[in-house]
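When the chains are written out, they are named A, B, C, D and E in that same order, and each has its own residue count from 1.
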Amino acid sequence: MHELMNTAREALHLLLSFDPALWEIIGVSFRVSLTAILVALPPALLIALLLARVAFPGRWFAISLVNTFMAVPTVVVGLVLFMLLSRSGPLGELRLLFTQRAMIIGQILLAMPVLTAMLHSTLQSIDQRAWETARQLGAGWWQSLWVLIREARFGVIAAVLAAFGRIIAEVGSAVMIGGNIEHFTRTITTAIALETLKGEFAQGLALGLVLLLLALVLNVLLGVMRGRGHQTVSI
Amino acid sequence: ADIVRLATTTSTYNSGLLDYLLPKFEEDHPYQIQVIPVGTGKALRLGRDGDVDLVLTHAPAAEKAFVDADYGVEPHGVMYNDFVIVGPSGDPAAIDGGEDATNAFATLADEGATFISRGDDSGTDKKEKHLWEEADVTPDFKGFRAAGQGMGEVLKMASELQGYTLTDRGTWLAMKDKLDLEIMVEGDTALFNPYQVILVNPQRYDGLNTQGAQALAEWLISDEGQDLIDAFRLKGKALFHASAGEKIDPTSAVHESD
Amino acid sequence: MLEVSQLAHGFGRQPALWEIPYLQWQGHTLVHLRGDNGSGKTTLLRLLAGLETPRQGTIRWTWAEAMPASPPCPGRVLYLHQQPYLFDTSVAGNLRYVARWNGWRGTTARDRVAAMLERCGLAAHAQQRARSLSGGERMRLALARAWLLSPRVLLLDEPTASLDRQAIADVSTLISSLHEAGCAIVLSAHQSSVLTERCDEYWCLEQRCLQVNAFKQEVAV
Amino acid sequence: MHELMNTAREALHLLLSFDPALWEIIGVSFRVSLTAILVALPPALLIALLLARVAFPGRWFAISLVNTFMAVPTVVVGLVLFMLLSRSGPLGELRLLFTQRAMIIGQILLAMPVLTAMLHSTLQSIDQRAWETARQLGAGWWQSLWVLIREARFGVIAAVLAAFGRIIAEVGSAVMIGGNIEHFTRTITTAIALETLKGEFAQGLALGLVLLLLALVLNVLLGVMRGRGHQTVSI
Amino acid sequence: MLEVSQLAHGFGRQPALWEIPYLQWQGHTLVHLRGDNGSGKTTLLRLLAGLETPRQGTIRWTWAEAMPASPPCPGRVLYLHQQPYLFDTSVAGNLRYVARWNGWRGTTARDRVAAMLERCGLAAHAQQRARSLSGGERMRLALARAWLLSPRVLLLDEPTASLDRQAIADVSTLISSLHEAGCAIVLSAHQSSVLTERCDEYWCLEQRCLQVNAFKQEVAV
């Protein structure tokens, strides 16, 4: 217990000391993960809409497949990307390995299944009349999609948060294709893994708390934005 | 069976040495060994906290501190191998051929060559830091990259980025087929790499399986264990040299030509 | 003009709800569609609006003016759900959606929305969340949304079911003026009211057939 | 590309060879993760219901907190549990470290936030009249809860799958508190991590594919169970 | 017996919808609740069913028989939503839920469910998904669910809005027999029908007040 308390204190100290090395790592983490989410969101939305609204043969299998991809271990994504981006791999010429760009690609791959599966379940639960009504009232295809998203906004936010949580917290692919290089591709989680490897548990835990504090700030901001959206249906 | 927990570095585990040794130990002893492969730092930490019964590591300075602080008892040298400096076949920094590791490091810094450092406080990392000190450079030159990962990953990274790195010979042998690298410097006495087995201090925690740990440690330094270590081959190459009770001559470090 | 031939529709492996060998409608009249619960009124209206594909037969809308021919064509043939779907925003927001989708901007949009709120007796509720409206207010909002578009044909599925007497009178007036402005209307309703009495034509789904103008007397009772 | 093809072939071979060592690892993985999900589900449901239906001061903060916990890195959970369960930690006497039980605890902690957040978003999207109607018609509190879950079944299944995906794919906490001990606590992911560490990428990838294949089987089964649940609301 | 005093309710910072200084109802009659759209009928019925807490004032149900006093008490005072919520299962499944919740088992449950389906004209739809029912069929199913419980008091929010003429007649008969069996009923409806004509008492929400028996003549028109 005592050690845990010390660690918490150390974490706060770390955060408040504005240690530039720490903020550099935080910057890399958030830049990579936020970019990945932003890039992954539009295609995930489209696929989710397709799966939720368009009847095509093999749809059920496609949904199962998306759900399955949620179980892809991060190391496996890391491995596959590594093999593709490696000098001896088919995309070696791009020289992407051990760059932030490669990490973003990895996290996009990790975020896609979570986003798609959650968005599918959300969009599917929206009343079919919503789409019909929008189309009838003159909305184009994209406008109707936008209305659906607005109607499903709580679910969409939950999906984005889940995906963001997954990729900001992941270490397997970040370390494999980022390489945990100081000042370049070291993120909070790869730094934690390193500290743990060294047996510096307190330091690792402190970094973890820093990550949590920042995630909390982000979530509270979102919570305020989203406002109080509970139903008051009395009819 | 009676369970003994051994924390060891990934290098010994990944080379296959323990998979080769331990079944032979378990055959004539009433113990079952659970191996927990981690970094040296974490292995010693597990020992300090009493979560394992003994450790097998290769970081002399840290091990000395571990024993001095009474976390561990009965340290024994078990075996050794050595470090080598590896780099891309073209050798852009022109360090090849020498046996002088310190010199090679100084050249790397001067040339600003790409160098991948473990940067994880492991035994290898400590050795590397020591060499930078000897060479009288602060490692912040242009091509220096602190990866903060295990040996295998760092080797992979060096191969991908066509840079230099310092590695233990075991990992090197295990991985060299998959790498686009060659040995640049080897045989320097400064590149010596000894392994020790240390029991966790039974006075600090109840319920440790010290008896089993002792049996294992004693077996490792017994003639039988030592012969087996010497006989171990990875891809046809000898990897570890048994050294229990010897005052080792560092210059006899294994060479790849063995 | 609407031309329907050999139309039949049903669900699953059940027999067709009804069969309509042939139906032609000039699209100028005010039609009252009647039928018992489950006779297939909603289904027919949805088919006419192009929201469903018929199991068999064809539905064709043709216009004197050159315009896209096949439904769904927003703003041309508009179906109003029996239980209207209101977007989860304010009452005014629901109307503003329609304005945006149809490319109205600035003051035009604002004025039209405000005028329509006023007309439908919802001005006092403009900022309220649409989902918290009472049953009758919901229907009014749905009607307001549809009117904003001034469609060529309006298919209303029991628009008066939960309206009070005054509201029905208001709606009748509105529908009449829309009708005079050239909008053709089909409305389904179980109960007769001032609105159904204004209808020029009666369609009745009875015994799995569509009977045209067959029960005017009965209704008038 | 060639290497990737080979790896895929090797994976199939591995799976079809019924290598007992492989199946042992698979057994550990699924036993641990499924147990964790089963244990985590009931409390997650209750918390989600509380957050979705009961107005209490600080509710929004509580929701943000749950969302935040989705961003807890697995290594951090591993670390904290490690420090608690270590011989020198407060719960050291339980001797749980490096056992499957400890891994289950870790995965419960990892599954809870994902489950709770997803279930909250699902239960919140269910029409309030559902609960009222059930209560009015004589359902008890638990029966009404059950009805809500049934009404929200697609979302509930999606939540369970997301949580399962997260924990079966995680390696950080499994390796820290399980210890990756052969025959005891080695799971698919820790084995993959080990193979990768050894540079045996093909072997690691093969294991990853095995995991995916099994997850796919599980998902297809669930998909069949769930049936075709798309709305046909025409009113 | 229902006793209401000083009751007022409204939403947000708006003034109260209506104020009811005092109301006593023996709970034996068939009451027709009337009021314009948005006058607060739904709100009043929900308050009486205990689904909402009044902003001000008290509502008390007291029973001659010794039974739990305050609503919501399932099976005693039952409110039927204006747009009923159907559980996402089959039509029969919706009724089986009610049977299970009230502890009926085996053949008892099966028989009662089957009888009720028959009675409400839904036997042909027993296996259909409840969500795919037509508007009128939905209301019938909701009524069937409520009747299964034979509550002491039934609060029906526009039960006849989307029913056809025959259905209204059937519902009237059913309601009358329920009433005779001792069930008190309050129903809201905009349009007069055979059902509203059977009512013994009239409550009217007008000008923010509840007027009792004030418009019998007007309705009868």
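A few points about this structure:
Keep this in mind: contacts are C-beta pairs under 8 Å (C-beta built on N, C-alpha and C of every residue); 3 or more make two chains touch, one makes a residue touch a chain.
What you are looking at is a predicted structure, and each value in this text was computed from that prediction instead of being measured.
Any chain that touches subunit C and also touches subunit D is listed here: A, E. Farthest chain from subunit A (centres taken as the mean of C-alpha atoms): E.
One finds 29 Å separating the Cα centroids of subunit C and subunit E.
Taking each chain's centre as the mean of its C-alpha atoms, subunit A lies 44 Å from subunit C. For the pair subunit A and subunit B, the distance between C-alpha centroids works out to 37 Å. Note: centroid distance subunit A to subunit E, computed from Cα atoms, is 48 Å.
For subunit C, residues that reach two or more other chains under the stated contact definition are 42, 81-83, 132, 134-135. In subunit D, the positions touching at least two other chains are 89, 127, 129, 196, 231-235.
Those residues of subunit B in touch with two or more other chains are numbered 150, 153.
Across the interface of their complex, subunit A is touched by residues 1, 3-4, 55, 60-61, 63-65, 67-76, 78-80, 82-84, 89-90, 113-114, 117-118, 120-122, 124-125, 127-129, 152, 154-155, 157-158, 161-162, 164-166, 168-172, 176, 188-189, 192-193, 196, 201, 204-205, 208, 211-212, 215-216, 219-220, 222-224, 228, 230-233, 235 of subunit D.
Those residues of subunit E that touch subunit C in the complex are listed here as 11, 35-38, 41-42, 82-83, 125, 132-137, 140, 157-158, 161-167, 190-191, 193. Listing the residues of subunit D that touch subunit E in their complex gives 127, 129-130, 132-140, 143, 147, 150-151, 231-235.
Residue ranges of subunit B in contact with subunit D, taken from their complex: 5, 10, 14, 34-37, 48-51, 150, 152-153, 155-156, 174-175, 178, 205, 207. Of all residues in subunit B, only 38-39, 41-45, 119-122, 145-150, 153, 157, 159-161, 180 touch subunit A in the complex they form.
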